[in-house]
Each structure stands twice: as C-alpha cells, then as structure tokens.
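Pasting the structures in now, so scroll down.
Here subunit A shows up in two complexes: once beside subunit B, once beside subunit C.
Now for the complex of A and B:
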C-alpha cells in the first residue's frame, strides 16, 4: 500500500514540476495549446466538407453526421490523454537510450518504466481534451437519445483502455530503439499506425479491408481504441458491441502485459552509450 | 568552375553516404508513409457510398479521381517536403553551428541544397519500389497515362516544387536570425501548408470563394498543382500560367532566402568556442 502512496506522490511531483515548467514559459504554453487546437480545427473543416456531400460515412453503417462527430471527439480525447501523459516521455526515452542518459534513471530506486513513462506531463494537451469534450457534448445533444449514467461510466472505462493500448504501442516502439540504434521514425510510425484508428471500423470492407480490420483489431488492436467507447456512447444497443467490449478489456490487458515484457527485454539488452 | 562543381559533387556524395547509415530507419519510414493513403482510400470509398443519387461526384471528382488525387499528392510531397530543414537552420543559428559555414569556403545555402538533393536522391532510390508497387496496385483508380505534354508539365511542376519547398523552408529558417525560438512558428507553417497545399483534401471541394483564394497562394504548388496537372484538371492556358506562376514563386523565394541570409548575417553574433 505504501508503495502505491509513494508512486502517487512521485507522480504528483512530476505533474507539479511539469506545470511549473509550462507556466515558466507561458507564451510557449499558449502557442502550443493554440497550435494543437488549429490541427483539430483543420480536421473539423475536412469533416464539415465531407458532410456537405454525404449524410453518412458508408452506406447504412449508422455513422451519420453527429454519430461521426461523437466518434471524432472520442478520438480527440483519447489522443489528448495519450499525448498529455506519455508521448513526450516516450520520445525522450528513445533519446535516453541513444545518448546513454538512461543509466541515470536505472540507478533510481523506483520502477524504471514508471519513471520513463510519466516524468513530464504535457499540460498543453488539455486544450485538445477540452475541444474533444465540447464536440462530444455538442454531438450527443444533437442525437435522439442522451446517454445514461451507466453508459458514461463505461465510456470512461473504455477511454482508459484506449489510452492504455496506445501507451503499450508507444512504449514498445520506444523500447525498440535499443535494437535499432536510432528511432527517428517513432513519431511517424505512431502517427501512421494510429491513422487506422481514426475512422469507424465499418469503412474497412472488401478484400483488403477485411484483413486490415482483423489485423488492427486482433493483432495490433488500435481499431478498438476509439471504436469501442464511441460505439458504446452512440450505438449501445447493437449486438456486436457486447463481445467487442469484452474483447477490448482482454486486448488492453494483453497489450499492457506484452509491452511490459518488451520493455524489460529492452532494458536487459541495453548497453550504455555514455562514459 | 571545375573546382566548384567538384566541391559540391563531394558534398553530395558525403550526404548520400550519410543518409545510408541508418538504412533500417530510413526504409521503415518510407514504407510507413503509405499507410495513411490506405485509410484515405477506405474513408472516401465510404463517403461516396454514403452519398445518395445516381452520379456520385464531389466538386468534379468521382471516387476514383479522389483516390488518385491523394496518391498523386504523395508524389508531389515526395518532391516538395523538406522535413526538418527550417528547424535545422534555425538551430544552427541559435547554437552557433552556422559559423562553420562562415569560416569554410562554402556557401551555406548551396551546401544545404546539395545535402537535401542527396537526401531526395536516396529517398527516390529507396521509395521508387514502394511507390511503383502502390501505384500498380491502385492502377484502376487512374484513367490511364495522360499525354506526353501533360507528363512533361507534371515533371516540370514537380521539379519546381522541390525548389519552391526548399527555398520557402530556408526562408523560414532564416527567421532564426531575428527570433531565438521559431518552433511554434514552424508548427503553424506545417499546419497551414498541410491545409493550403491541398494535402488534406482538394481545395476544389470547398465552397466559393475558398478554392479561388487557395489557388493564389504559393503553397498550392507543393502538392495540389502537380496533382491537378496530372489529373488534367488544369489544362491549356491555365496550365501555362500555373507553371509560370510556380517559376515566379521559386525565383521569389530564392531571392528572399538569399536576402534574409545576407541581412541575418549582419545581425548574427556568435558566443562561445
């Protein structure tokens, strides 16, 4: 129990230090927030254009205008959380491996993965989180049924699952730097893989679509990251959702366990680059 | 003259060797670049499926043309994108590395241009295979090869887009002489260029007057224009004017980069050893 308290205290210190750092460079913080909002805005412009010409993403898929906006906002929320807590840290992790700075962290009397994953909190991602919540609330009020309490709780649970799956993927990619020497493409790889999770899984149809849907649901489960919480919110009564929701929990546990295993393997294979 | 050519040829060779050091990283990066296109194909397929009515087109683009558009913008970006150019120039100014160019008998802009050229040549040598594969797999999205004139215009627009991308980014990087930190500005440029170059979607699908506005801005030459040329959305006099305007912007940004470098150096002061 005291262990958890210690880790919680360390996390709070990380969060406070990051906030102090962000507030020291306030204008930079504001510019960061605005620029990430600009990216959201551009995406909104794209979808506004798309829905000028069509009423639904796919024929009879159930992803109409507001259902899709709810999906889009869920993607925003999951991404904002992943970026807020992990992205900068994992990116620094690859540098630490390359430069040998990891030695310093290995000496600390605390779990190295915890230390690496949460050292810096990117507070400016709160702007995207807020944008996601606003778009979600707006789209939910435009839909015929408002979600119940249970749905909202489940939504929260599956958001956390989504962030955990993203985190597992990130830390696995980051740890692979130990074997690859340099991992400049981490951000790219992350961006490209997660593009698949940006749209409803129904769009992946046909000869190429079905295997892709299978691979990104069961092998690298990025498709369930946004799809499951968004479905539970917008289309909770569909029969398919039950087993998918169950599978999402399993996939989250498996992803986290697998990434922990890769991380420990990477640490074992790490040879200091410095001194 | 020969010594100069030899000098820059050596720079090119060294840069190529340097690019090939991290081959796995490089090959992986090239391959990954095609993944977003896959999702775009499915997304637009779903958008067109969701449309009602008989003839399904969006601003003159049918489903196949829309996919072809995205595939071709990738070719455009393969020429015009300059990852990290502006930020590396700004960083060199900030940390003083730039003084190595001032001490050596070499022109900084030409040196960077050569190393970018090397980067691109290595990139094409690796990327030609995945590009050929993807275009072959997606051949049904194209109506066939356009005529020789169009292909020549397409190649000209691509070559100029390389130069335009280079000199625009170099100009931006030179802002580092006046401001210490330009990373936020560069992020804004990245966003603006992603949108205004037509990478996100063809500007034609926006309501009036946006397509007209977007087509005045030089950023369209980085992706939209070469693509529109290949798809024969721009033909005849409009094509000739487009190429002339692109050439004008190349010259304009060449001089702006040179001018900023000239005046920037007058401001520059180096500290430390």
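Now for the complex of A and C:
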C-alpha cells in the first residue's frame, strides 16, 4: 500500500472519529456552531453600519462595499479552514508537550507532524465556512463582473496558501513549547495575528502604517493570507497583483519549510514529562 | 548480536531551580540557576530475544527514562543503544512498526470514543491487513475478557478495563519488543492478576521480548526470571530473582517452636528478635552465623520445631534501594 493511501486512510479515520465524538456531545456541537454563526452575523451587521457612512474603505483603494464583503468572506473562509483542521490540534499539541502525552505520537510509524496537525477535525467550523461561502457568492453577484474559471482556480490555490501560512505560524508557536515549557498564548496570538490580516493592506499607510504593512507582508506574512485571494477575485487586473501573487507562493513555501525545520528541532529537544 | 544492546547510555536534564518567595520569583525573571539531573548514568545492558526482563528501582531511579530512550521518545546525552539493529532515537518507521510501549499512567486511546474506534485507527496507522486485524483484535479481547466492552466509550471503563484496552492497542500490530512501564499501577489485586496471567501467556505464545518496570514485586515474581535493579541511574544488579537473595540477602529468619511453652528470656543475644508469641519466636540473624546460632539455641533450650527462611524479597529490595540512596546521599555530602 502506498504512503499516500495510508495517510489518506488515517486522515479519514481522524475525520470520522472527530465526527463521532462531535455527534456524541451534540449540544456542545450545536452551541459551538450557533455562537460561530452569531459572530459572523454581528460582523456583517457591523460592516453594514460602517457602509452607511461611506462607500469604500479609503479613497481610491478599490475596496467598495461588495469588494470588501468579498474580502471579509475570504477571511472567514481562511479562518474557518484553519480552525477546522489545525487550531484545536495545535492547541492540544502544546498540552501534549507539557504533559508528556506526545510520547505516544512519537511511537507511531507515521509522520509525527501529520499526526499532531490533523488528529481532530473541528466539524463545527463548517458553519463558518458555509457562512463565508454564502457571503462571498452574494458579494460576487453584486459586482459588475462575475469571476472567470481561472480566477476561481487561483482563488482556491491562494486560499490554500493562506491556510498554509496560518498553519506554519501556529505549528511554530506550538512547537516552541518544547523550549518554553508552558505556552498558553496560542489563542491570544491567533487573535492578534488575525486582527491584522482582517483588513485590506491599503489601510496601512502613513508613518505608523507603512512599517506594519512591511512587517506583516515580508517578515510575518499574514497580510497576504486574505489579501491575495481576495484581490485576485475582485480586483484581478491591478498591476501589483502579479508580483504579490508570486511573492505569496514564495512566502508560503518559505513559511512551511521554516515551520517544518522548527518542528523537527523541537522534537529532537523533547524531554517528555515524568510519569 | 543481542536483540537489545546498550552501551554507556546516559541522559541528563537541566532543571530550573525555583527559589521560594515572590522576591526570588521576580529575580528569577532576570537570572536563573539550573541543576543538572542525571536520570541515567552510563548504563550497559544486553537483552536476548524472547527474554522477559524486569526493571526494578525506586521512584526516580531511571527505569522509565531508560524505556523512553529505548523507544525513541528521548534522545540520550551520551552513549549508544540498538534495538533489533535500530537506533531508537532516529525514530525510523521501520523500527516503530516493530515495538510497542505501554505506560500505566498514560492513555493513548481516544477518551470519548469506544476503544474499537482507536483500534481501527491503529489498523490504518500500522497498515494491518483487515482480516488479520480482526483476528488479532478479537483474539486479544477474548484473552483479556473485554470483548463485550469494545463499543463502550473509554471514559466509561474501569481502570483495569482501560489498561486491558491499552494493551490490545499496543499489541495489534504484533510487536517483537514490548516495553511495559508499570502496567498494573493502581489496579486492584484481581485486575493485577489478570494482566499478569495475560502477559505470561502472551509472552510464552509469541516469544516476544519484554522489558517491564513495576513497583509490584508480585508482577516481577509472576513474570520475570531476570531482574535488573536500577538505582540513582545506575544498574546495581543484573541477574536472577533468586540471585538477589544471595547478593543482598545477608540475613536469615529463624523461626522457633519452643517445647513446654518455656520461652527463653535472652533470645536477643543471638540476633534481632522480630516477634515473640509463645510458644513461637522469630529471630533475624546474619547468614554467616545461622549454624552457630542454631547450635547454641538447640543445645541450651528444648525446641520442638525450627525453620530457617529468607526474609521476603520485597524487604530485601526495599533495603537495597534504601542503602543505595544513603550511599549516594552520603557520597555527595
């Protein structure tokens, strides 16, 4: 049996077991889904209010009402995917390091990073994903031109890149627990990072904004996570998009490679916990 | 070449020394002192295929650390080890398919799901043929008498039942080497006995090589012929169970049944009096003086019955641990 088949079967079992577990605690599952949807709804209402006072985010930025909704929904989709597949797992990873539970994962004849990253699928995040897709489709129908097939494919590719960049940041932070001993800042970090990436990069202007834009594009490339797929979808003909899209591919590869390196270093330094 | 070969294996940790009080905690933010803990201090050991070896030692002796080194969870500070020709801490999949580690204090099954679901996951991880998987799973469940519990969530199982499920999960892929770290810890006498019986039977049938750590002498006496005693990270004994008596059992217990109930009042001159319940008495004497003491007692008093026994093994081993600790503490002061 090939490696890919094995990994696919293991992933499928992870997904299946997670679903069985979620169904066992259905009240928790329902509350989780409802609270996520409520958060999306409140955000939509907030931006509706904002657009009562203006027609675009900044002057001549190209981010009109429906362009921005497409941007917002792209953020929702990337976040939902990252939370569905990785967030719970990486959060649990820090606990596994602290409590020594990682021992068992190190014994399995399968890539440890794969095991750690995909053990549990957070099915309740599907509600956010669905909400994101609905808002995206609605926004696109309100724009003058519907996207072509090529645009949709590119959008999918850059969504994956965005999720991969988020994931790289998460796993790097999670792995650092090996050296820190205790690391409970993952959710805080996630909140701060996604706050920066939640808005179009054009808003970062002026003396304070420009350094932020530079840092979050080239050093910790979270600004490209949502911006690139959203720009390709709603503002495809802009001159900046070409090099930004190329850079996004490079940044994704670099982020994934760097996080893998940190992860392997961390595993080599793993001390386990006394039993 | 032996199945397991360990040469001068050592593992040390640097541990932060936290001083008491708020002031010390604040100072600790800027300047910290660390202490090096030598968990394993250059041990040498070989184990042949099919052996069932017990690791005995007090808490913190280095038993679990040694098992974690051999299973590749930890990387040693110095030294070498091979298990079935593999260097464990390289964590090669080819090696990881051939052994299993069971830890009595840790749980690898999905807590909220029936054990059967975790077993299915193991089937895919280890690429076990479906028919072979079902046969092995059912066989093990029957041997351990937990077939009826396979579809019950793990969190609803008793500790003993959970440990049986952990053993099944560890054995599904047919490991050639099994590391057992206190598999009966916290279990009641019946559950301990069931697990001992299972392990003995399984080892005899499959000729698996097993390294076991346990605090329960009953586990060791029931299962292992070879015992390795570790204290303060060093191996201080490697041999048979009986050999422990020869090596460390410097004392014997003499039991007397005095005739006519005339209990002598000067028994303490012959050795340490353990118990006097007329007409019976128990004395602890040095092994080398047993003949001399017996001759003296028999010549002076009317004795109906006499027996000479070794003290209980637990007592001897506890003394070995305690002596060794004092030695190290004394040596370092």
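Keep in mind that, in the parts below, the second predicted complex is superposed on the first by the 274 of 275 C-alpha atoms of A that agree within 3 Å, B and C clash if a C-alpha of one lies under 4 Å from a C-alpha of the other, contacts with A are read in each partner's own complex, and residues count from 1 in each chain.
Here, a residue touches a chain if its C-beta (ideal position, glycine included) is under 8 Å from a C-beta of that chain, and two chains touch if they have at least 3 such contacts.
All values reported here derive from a predicted model rather than from experimental measurement.
**Q** Using the overlay on subunit A, decide if subunit B and subunit C clash or can fit next to each other.
**A** fit
**Q** If we overlay the two complexes on their shared chain A, which of subunit B and subunit C does A:265 touch? Say first, second, both or neither.
**A** So A:265 meets neither subunit B nor subunit C here.
**Q** Check the contacts made with subunit A and report whether subunit B or subunit C touches more of its residues.
**A** B
**Q** If we overlay the two complexes on their shared chain A, which of subunit B and subunit C does A:20 touch? Say first, second, both or neither.
**A** second
**Q** With the two structures laid over each other on chain A, which partner does A:10 touch: subunit B (first), subunit C (second), both, or neither?
**A** After superposition on chain A, A:10 lies in contact with subunit C alone.
**Q** Check whether A:145 is in contact with subunit B, with subunit C, with both or with neither, and answer first, second, both or neither.
**A** Touch partners of A:145: none, neither subunit B nor subunit C.
**Q** Is A:103 touching anything from subunit B or subunit C once the two structures are fitted on A? First, second, both or neither.
**A** second
**Q** Across all Cα pairs of subunit B and subunit C, what is the smallest distance in the superposition, given in whole Å?
**A** Value for subunit B versus subunit C, nearest C-alpha atoms: 5 Å.
**Q** By the touch definition above, which subunit A residues appear in both interfaces, subunit B in one complex and subunit C in the other?
**A** After superposing on chain A, no subunit A residue contacts both subunit B and subunit C.
**Q** Please output the residues of subunit A touching subunit B within their complex, sorted ascending.
**A** Going through subunit A, the ones touching subunit B are 28, 31-32, 35, 38-39, 42, 45-46, 49-50, 52-59, 61, 180-185, 188-189, 192-193, 195-196, 198-199, 202-205, 208-209, 212.
**Q** Give the list of subunit A residues in touch with subunit C in this complex.
**A** Contact set of subunit A toward subunit C: 1, 6, 9-10, 12-14, 17, 20-21, 24-25, 100-101, 103-104, 106-110, 112, 268, 270-272, 274-275.
**Q** Which positions of subunit B touch subunit A when the two form their complex?
**A** Listed in rising order, the residues are 22, 24-25, 28-29, 32-33, 35-36, 38-39, 42-43, 45-52, 58, 181, 184, 187-188, 191, 194-195, 200-201, 205-207.
**Q** Could you pull out which subunit C residues touch subunit A in their complex?
**A** Listed in rising order, the residues are 13, 64, 68, 71-75, 91, 93-94, 96-97, 99-101, 103-106, 108, 110, 112-113, 117-118, 120-121, 124-127, 153, 181-182.
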